[in-house]
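Naming follows writing order (A, B, C, D, E and F), and every chain is counted from residue 1.
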Amino acid sequence: MSTLIEYTDARPEVREVYDDIMATRKADWINNFWKALANDPATLRRTWESIKQIMAPGALDPLTKELIYLAVSATNQCRYCMASHSASARKKGMTDEMLGELMAVVGMANETNVLAAGYQVEVDEQFKSSH
Amino acid sequence: MSTLIEYTDARPEVREVYDDIMATRKADWINNFWKALANDPATLRRTWESIKQIMAPGALDPLTKELIYLAVSATNQCRYCMASHSASARKKGMTDEMLGELMAVVGMANETNVLAAGYQVEVDEQFKSSH
Amino acid sequence: MSTLIEYTDARPEVREVYDDIMATRKADWINNFWKALANDPATLRRTWESIKQIMAPGALDPLTKELIYLAVSATNQCRYCMASHSASARKKGMTDEMLGELMAVVGMANETNVLAAGYQVEVDEQFKSSH
Amino acid sequence: MSTLIEYTDARPEVREVYDDIMATRKADWINNFWKALANDPATLRRTWESIKQIMAPGALDPLTKELIYLAVSATNQCRYCMASHSASARKKGMTDEMLGELMAVVGMANETNVLAAGYQVEVDEQFKSSH
Amino acid sequence: MSTLIEYTDARPEVREVYDDIMATRKADWINNFWKALANDPATLRRTWESIKQIMAPGALDPLTKELIYLAVSATNQCRYCMASHSASARKKGMTDEMLGELMAVVGMANETNVLAAGYQVEVDEQFKSSH
Amino acid sequence: MSTLIEYTDARPEVREVYDDIMATRKADWINNFWKALANDPATLRRTWESIKQIMAPGALDPLTKELIYLAVSATNQCRYCMASHSASARKKGMTDEMLGELMAVVGMANETNVLAAGYQVEVDEQFKSSH
């Protein structure tokens, strides 16, 4: 297990990121993921800056982005990521029904991905020109 | 590569599923995935019935479901699934901007999933009670 | 793409492995996987020796072992491995019906694996003592 | 972690599935996987109906199907699935020797899948026409 | 397949990134990965800036970083990534022997990862305090 | 969880491998991975012999090999493997800075692998002839 860098022990460049995380999220604590990344301040900063930019509203709304994040995390079987991002998604409005349907799609997509590979299905000509 | 079962060569129980796929999708052709599954009619029927039920509107709208499907397929690096479901998603309204943002979230989620695992981050107590 | 080492160009220690592969498999050709591994003769020999030992009859018969191999290869979406091992499995008696049922189980297992992860299911006490 | 729906708290449509699971398995308890899926009754029913159908005897016997299930679960590193399905497999006759050989094949298949990808091996012409 | 944005058709903010890629790499062409990302200029810029920073010399030398990149790409069975990063690694000094040993370690690590999961091995107390 | 075979309970052929592991590693204990594999002595021996051969100095030095091992283990999200191999890597000289940079490369490689797949990028002609 990696050492978790607490706020009080953190170097100024780490504290600066922690402060921005808490301000952006309107939260008064930092979750373990960032405390672990703080072992490598460059990765901490780059990852946080990227996430802040990527998860902001755009052509997709923030809740849809959280649902996509959860879909990836379930597929990768990342326990930490499921725990932290289902909390974020709930804050942004995800209901139990939405999570249930999300997991149904994710399960089915993983099943059909494997069936497509197992049956070695060739891409249809129609899809090649689909854009 | 598995044999693709064409409509004209298909047994009645396979044709029935093909007919339902085309009627549901308002399409006049069947893509290779189903023609491959038709080698095992029970799997063809069960998979189609499940997809039809799961992808229907519910707490999540059909486009959001297609985006989730794409997120899983990119994560699993399933070429066929990316090709076929990006076509479906476009039909349901996905724009280039939406796909761009989807891929940005998917890429970032895969990066942070691995960072969480690599740093062996423990789930925060706050998330355990988050529901 | 890696260079494929043909029999006529192969060093003696590579030829020796090629000869054993053809003799063991009662075949008169070497498939590309081995020709690629031959770039690193130590890996070629070790991999072949391990496969020969592992795939031999034991508590599980050779066909069951090939089915297990296919299950892993479909899950990993390894196109080459599906192509080469479905050929081996057919030689050992795999029928279309068996492949169909195999893929159905593999698809379902991939779906439920992801559901178990996504719902963050804890292992039941009963299973912990199941052995 | 998702809430586990206990039998006494379950809605009638969930109890009906629970009853069928216990009857089919000749068991007097429900494992956590189903109690988690019960948060989404449609997924609970569809998943159970599919598993019941897929794992039934057919061209492959039920033990072989459990072995295939385990092969997928080990490959996906799904702890819950390994725990629950190794219990099922033992009930259907899996011995320690069989599990040992299964894991040997699964490990080797994961190794060779990656070698095939890493060396970017092209599918042999002979395999393309192998069916 | 995504549209590839050629230099002559690219918007100024895309050209700027292309110019920096070519200058940094001392190359006179842009590979397809960047031309595809250019569909989403924000992702193009962020990804390139991150890669430039991460792959620069630091506590690990650039060749070691390329080897690590290749190890991940083989594990993920990403054909494009193997092709492009084995070219970069060769430029930085990777020999055939080094690639052979890399693939041997990668294959073995994938095998033992799965064995550890399949046998559900608990982390030793000694490793918990290993840092 | 699989039974862990302790030295005192081990059969002679298992003890022989345990002795060689401790002698090679200059350690006076056996970690759980080997105690689990010992349930299948043939897999225990073959895996140990392979690892000993593969991880020995060659065209790549032992520390580089451990870094590659860690890159695979983080990508596969194998907790046990991260714990055991980060201990080995530290013994061979891995510093916190090196681990931080390793994880940055691994995270980025996982992100770009998925972007390459999601955008369905074709391999450039230049890379096909890159060897």
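The rule is short, and it goes like this: a residue touches a chain if its C-beta (ideal position, glycine included) is under 8 Å from a C-beta of that chain, and two chains touch if they have at least 3 such contacts.
Keep in mind the model is a prediction, meaning the values are calculated, not measured.
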item: Set of chains whose contacts include both chain D and chain B; value: A, C, E, F
item: Reference interface A-D: repeating pair among C-F, A-F or B-D with over half of contacts shared; value: A-F
item: Copies chain E and chain F touch via same or different residues, half shared test; value: same
item: Distance from the mean Cα position of chain E to that of chain D, given in whole angstrom; value: 33
item: Interchain centroid distance [CA atoms averaged], chain A/chain B, Å; value: 19
item: Gap in Å, rounded to a whole number, between the CA centres of chain F and chain D; value: 27
item: Sites on chain E at which at least two other chains make contact; value: 1-2, 39, 42-43, 46-47, 50, 73, 75-79, 83, 97, 100-101, 103-104, 106-108, 110-115, 117, 119-120, 128, 131
item: Touch-based graph of the chains, sorted into line, ring, star, complete or other; value: complete
item: Chain D contact footprint on chain F (complex, rising order); value: 1, 39-40, 42-43, 46-47, 76-78
item: Chain A partner contacts - residues on chain E that touch it in the complex; value: 1-3, 42, 46, 50, 53, 128, 131
item: Residue numbers on chain C that touch chain D, as the complex places them; value: 1-2, 29, 31-33, 36-37, 39, 43, 47, 50-51, 54-55, 58-60, 64-65, 67-69, 71-73, 75-76, 78-81, 83-84, 86-87, 90, 95, 97-98, 100-102, 104-106, 108-117, 119-124, 126-128, 130-131
item: Complex contacts: residues of chain B adjacent to chain F; value: 70, 73-75, 77-79, 82-83, 103, 106-108, 110-115, 117-120
item: Touching residues on chain A, where the partner in the complex is chain D; value: 77, 83, 96-97, 99-101, 103-104, 107
